[in-house]
Amino acid sequence: MNVNDMLFAQLATLGSSLVLLFGIALLWRRSLSAYVRAFRWQSLALALTFALIGYFSHNHELYIVAIILVVLKVIIIPGYLTRLYERVGGRREAQPYVNIVTSLIVAGLLVSLSYAITRPLVMVSKLPTRNGIPLAVGLILIGIFVIISRRKALSQIIGFLVLENGIALLAALGTYGIPLIVELGVFLDVLMGFLVMQILVYQIKDTFESIDVEHLSQLKH
Amino acid sequence: MVWLFRFAPYLIFATTVAVTMLTPLVAAPLPFDAVGDLLTVVYLMLLGTFFLALAGLDPGTAFGGMGASREMTVAAIAEPTIALAIFGLAVGAGSTNLGQIVAQTLSHPGAVINPGHLLGFAALFIVTLAETGRLPVDNPATHLELTMIHEAMALEYSGRYLALIEWAAGLKLLVFFSLLANLFLPWGVATTLTPGALAIAVIALIVKLAALGLAVALIETRIAKLRLFRVPELLGVSFVLALLSVTSSFLLR
Amino acid sequence: MRLNAAALSSGSRNVIFVLALFGFGSKAGIVPLHVWLPMAHPVAPSHVSALMSGVVIKMGIYGLVRVTLDLLGGGPVWWGGVVLGAGALSALLGVLYALMEHDLKRLLAYHSVENIGIILIGIGSGLIFHSYGLTSLAALGFIGGLYHTLNHASFKGLLFLGAGSVLHATHTRNMEEMGGLIKRMPVTALCFLIGAIAISGLPPLNGFVSEWLVFQSLLGGFNIPKPEVAVMMPIAVGMLALTSGLAAACFVKAFGITFLAIPRSREAEQASEAPLSMRVGMAILALACIALGLAPFIVVPALGRVLAGLGGLPDTHPAFTLELSLATPGSASSVSPALLAVGSLITLGLILLALRVLRANRKLRVGDSWGCGRIGQTPRMEYTATSFAEPLRRVFAELYRPTKELTIDFHPGSKYFVQSIEYKSEITPWFEKYVYEPCLWLVRLLAANVRRLQSGSLHLYLVYVAIALVILLLSARWCGSFASRRI
Amino acid sequence: MIHWELIERMKFLLLLLPSFVSALGAYLVRPYRAMVGWLNALLSLLSLGAALAFASHAAHGGEALVFGPGELLRADSLSALLMVCVAAASTLTLFLSPGVGTETNYMQAQLRRYQLLINLFIFSMLLAVSANSVAIMWVALEATTIFSALLITLTRSKTSVEASWKYILISSVGIALAFAGTVLGYFDFVALTGRAENALNWPVLLQNAPAMHPEVMKLAFVFLLVGYGTKAGIAPMHTWKPDAYGEAPPPLAALMSSSLFAVAIYAILRWKVVADAAIKDHYTDSLLLALGLASLAIAAFSVVLSRNYKRMLAYSSVEHTGLICFGLGLGAAGVFAALLHLVNHTTAKSLMFFLAGDIERKYGSSAIKQAPGLLKAAPWTGGLFAAGLLALAGLPPFGLFISEFALFRAGFAQHHPWLMGAALLLLLVVFVSLITHLNRMLYGDAPAEIAVGETVGWRVAPMLLGLLVLVALGLTLPAPLETLLNQIVRIVSR
């Protein structure tokens, strides 16, 4: 393992920890604007990690992916999100199901759980980036946790996007990025999915006069 | 007064006579041993009881109905004991044919005193009292509605009909006694139809019947009639005896 | 399919047997799967209920024999034990509940339960013997069961038709409102009487023969090497005997209260004989009962041939003679209903002849019946079906758990004049109360709790997903697989 | 040789293009005209024909067909079967769609949106089953979520919006997990052989599977099972089903419960093959059995107290999901039975939701106790509904009886008697409660204001056809279908 690889490993781990950190920061904040900001930074970190991996692994497809990431997840989607919460109001994530402190503890637990679970992956992989893999899986779990624990539809969207970021990070660290064609399809889906969710949020606002998912419990049994 | 009421006494009598023909009174195996076995005997008697009870219901008086009801109750509850006693005998003889059973017991005199045999005898004895309407189950001498069973059914009969019914009852008693006598202690029963053997058999039968009659008479003088709803308990005792006899005859084989 | 069955493991064979017993048992109406039967049969039109109890519930028996004996080729001892136990229980409980019924058709329906029980006793003993390799005894048991199946079809059909024509005449199913019908409808009465004798298992009719065969197969029980198993047989014998005795009692009630004595209602007084078609139908079935009773020496070998080869049974059947004699290990007994009938008839003839010869006084004097000096007799003085069954109700009170309520209201003037006495007594439907209601309750409880899962909260739904994911991930890391482990 | 190539190509295009073209047409023609609906329905016949051509090709033992750059599309017998299912269901759907011949209470704009989205939905399903790369399959499946979510809220009612939000969120999370699983599978591959362009193509994966690491593959399969299981509605990821099926427009509900479900199962099956090749023991089987039992249990007890016949149908499809999972976990015979059951279930469910829709249209409510006297009010619809429900309850002579029977035989042959016994008990519960609810709906007197007579007479005809197919599948197993299934089994349990 030469110096180059060591540096690569260090940087990759750093990048992935950054991505995870922003995820956790998101748990720590309350206002939706802060959520969006955290997500924006996270996506940026993710893009940087992609570029980093692309540079070290001489796989220039990843630059394209990084660029798309920046365009999509740092500029477009956060922009939409901002407009969304300005339109539908509800700037704050009023009392989430799980309070901040507990959320942070849970996040810690989830990360350690993912360390336990992803043991074989780290063992199997020969890539220098492998140490970041548990963080990626942890981020996936945290994304789900955000969706579960937050009330506002918007927060749930953001949680979902965090989940997507986690998977992207996993792909980047574990496989140096999946084939470009697939990546493009994925991005298309992410964008469309986001747009549809946004439409739905508007509809929820129209029909329920609130985006608190709490109200969406007419259908039961 | 319908045909069934008039027809019943004849049928009752006929069945009882048929039963008498099947029972080895003096000789075994009888020529028509194969026509009916012990089960047949029991069920033929039940047929008689069946019609007697119907005849009791027909006049539409309270007495007749009461008698029929009680009679059928007692008969039904006595059934299992009889069946088990038969089972016990059949286990020994390997057949329910009366001739077979008698022959078997004759050929193994030791079997007479094995516990299964004795218990079976006791059980069947109690059943005999119940089935033939003796004390403590029924009181043939009474006409008090509280006590009578058999008489209550025959209450509306007179003349030849009454005669036939009573005669049938008597025959029934004879049959049960001789079953007790010849199935459990078959000594003296003629196995060949020679005059000498038959003579001995007749004497032996008379002696045994006298003994049994004496026993019954003694009992009837000693004890009072049971309340109707104590009768099942008595029959329960006999059932347990029969069950014990069968199981012991299983275990001692 | 037989070949597949042969390849099955004992575990799956047992499961198949249990499932088959449940499925076909519920069709045949064995206890405790019988509850539908007394509800379904009475409401059907009589010829249909005749068909139902005559044919339909036999499908259950057919299926049971087909699966256990033919497809699975017999099994361990406990199969037979279970069938025997279920049979004995059905027989006894069926007749006991029938005794308490005063609805003619419900009574008959309960007797179907009883007879199915008797059939199953035969089949169960057959299975037990089969598992011990005592094939000829096994054949005897199966023959007994199947013979009783035939017989039940004939006499139960007959009885239901009889009940139908009574219903048609009196417009009621309640026996307490009948009586005296033997004068109004003699043919129906005669046919019903024949059916009653047959179902009570009295000689020389068909019920007797099949029950005799079942008895004989049970009597062969001492050939079973294991005493603890063999002891089941005498107990079954006892229960079967009690059953037949009670059946006789029950049909004395059914026939006596329905057809004899004085009519208890105006309908019963003005009843009229059933139309010719129904009479013919009943007559045919009555003849069938007689024929099946008198000619077992034709039926039994036929059944033996039917059974031959199923589950490796040899073509063993009692010898083909005028008397139906058995040459089976342990039980070499014989009976000949035909000769019996002939003999009894001859004696009957002799009696009549004797009376004629002796010039017995043939004058017949019909007097009023004795009632302790009361003036006239009215139906209200008759013994009712309820009172007829009262002693047995008391004897088996443990089972019936009868509920009594007695309401006497007195004359407003003085309490020494009773205005009316109302007596109501019901028996507790044991199985509905203690078996089925708990089951339904359990299902409802589970359903209510499962229902809560779908609470309408999206967050909760996502929690389920997350939990599933985490659990499965952990299983992926630390659990083996249970599918590789074979049960 | 060239034109052979051409014909194969034509087949793929014939399969995929019609729905795409229809979507385009529906988008361009504004406002909506009934002609468009008819045209799309007729166009869908083309893709059905193509699917049948694939099926016959596969049934005659033809090699798997591939097409496109990097072998983008591939059609082996498994894909062919699914193609037929999807294409047939969608043809039926398009013919029975609102605004096609029948009067409807939708607005023009809604109808236009409906035609656009439903065709895109169909297109993505067809793409999912004909894609060669598991990643493309994933992309297509995700797309189905998006389109169907938009379709559910076609009428902007409160409940439909709620249902749609729940649906899209749950299944997006699920599908994302599936993607994570895909990535993990690919990760395993990369760890083994380094990056390769067409490494996510199923045959390539399968080829390399035996050398992959079982531990990693287990993790990957868990993610995939949970993910695609969410789409398939395996308990406990099934919670969106009653809401979505209950609120979606009937045609969509029919299509989701019949085809989308089948496609999700298809995805699971594809990955199961790879996973089994990598993991030597019966790990995937045990997972499928466990989740199958859970689905059966939850569905059974949910049916008991359900008050709404659409949601009842949804639960019954959860139940059948459970059964199919069982089948997939029971070895070769089980897979055969499961796929047969899949075909039957597709046929039955695509009918049931249309009938349920008609009934709801008639009675103005989907509550069971609001819709009595069905046989009097609409004898044909009622009769068909009853027949369909009996079929779903697993009664002969319908196909589902046969497939369930085969399934249980497989189970007993695999020596899972106790598992199967439990499943049978649960089926009994389902059966009883379905019949009870059916009785409540069929008999009694319809409310006075309900007009007697069918909603739309001719709609009965295609449904009757579907029912006949179901009965035919119950009476015989057509030879082509049998060979097809056998080939699939050969592929799956290699």
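Residue numbering begins at 1 within each chain, and the chains themselves are lettered A, B, C and D in the order written.
Following the convention adopted for this analysis, a residue touches a chain if its C-beta (ideal position, glycine included) is under 8 Å from a C-beta of that chain, and two chains touch if they have at least 3 such contacts.
Keep in mind that this is a model prediction, so the values were computed, not measured.
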| item | value |
| --- | --- |
| For subunit B, the least number of touch steps when starting out from subunit A | 2 |
| Higher-contact pair (C-beta pairs counted), B-C versus C-D | B-C |
| Identity of the chain that, by mean CA position, is farthest from subunit A | B |
| For subunit B paired with subunit D, centre-to-centre distance based on mean C-alpha positions, whole Å | 76 |
| Distance between the centres, which are taken as Cα means, of subunit C and subunit B, whole angstrom | 27 |
| Separation of subunit C from subunit D, taking each centre as the mean of its C-alpha atoms, in whole Å | 49 |
| Whole-Å gap separating subunit A and subunit C, where each centre is the average of the chain's CA atoms | 72 |
| Subunit C: positions in contact with at least two other chains | 451, 454, 458, 462, 465, 469, 473, 476-477 |
| Touching two or more other chains - residue numbers and ranges from subunit D | 165-166, 169, 173, 177, 215, 219, 242, 302, 305 |
| Residues within subunit B bordering two or more other chains | none |
| Pairs of chains found to touch, sorted by chain label | A-C, A-D, B-C, C-D |
| Contact set on subunit C toward subunit B in their complex | 179, 182-183, 193, 197, 200-203, 208, 212, 215-216, 218-219, 222, 227, 230-231, 233-235, 237-242, 244-246, 248-249, 251-253, 255-257, 260-262, 323, 325, 330-336, 339-340, 343-345, 347-348, 351-352, 355, 360-361, 365-366, 369-371, 377, 379, 381-383, 387-392, 394-395 |
| Residues of subunit D touching subunit C in the complex | 165-166, 169-170, 173-174, 177, 215, 218-219, 221-223, 225-226, 230, 236-237, 239-240, 242, 281-283, 285-287, 289, 297-298, 301-302, 304-305, 329, 409, 412-413, 415-421, 424, 429 |
| Subunit A-touching residues of subunit D, taken from the complex the two chains share | 70, 133, 135-136, 139, 142-143, 145-146, 149-150, 153, 156-159, 161-166, 168-169, 172-173, 176-177, 179-180, 183-184, 186-188, 190-191, 195, 197-200, 213, 215-216, 219, 242-243, 246-247, 302, 305-307, 311 |
| Complex contacts: residues of subunit B adjacent to subunit C | 1-2, 4, 10-11, 13-15, 17-18, 21, 32-37, 39-40, 43-44, 46-47, 49-50, 53-54, 57-66, 68-70, 72-73, 75-80, 82-84, 86-87, 90-91, 94-97, 100, 155-156, 158-160, 164, 228-229, 232, 239, 242-243, 246-247, 249-251, 253 |
| Residues of subunit C touching subunit A in the complex | 451, 454-459, 462-463, 465-466, 469-470, 473-474, 476-477 |
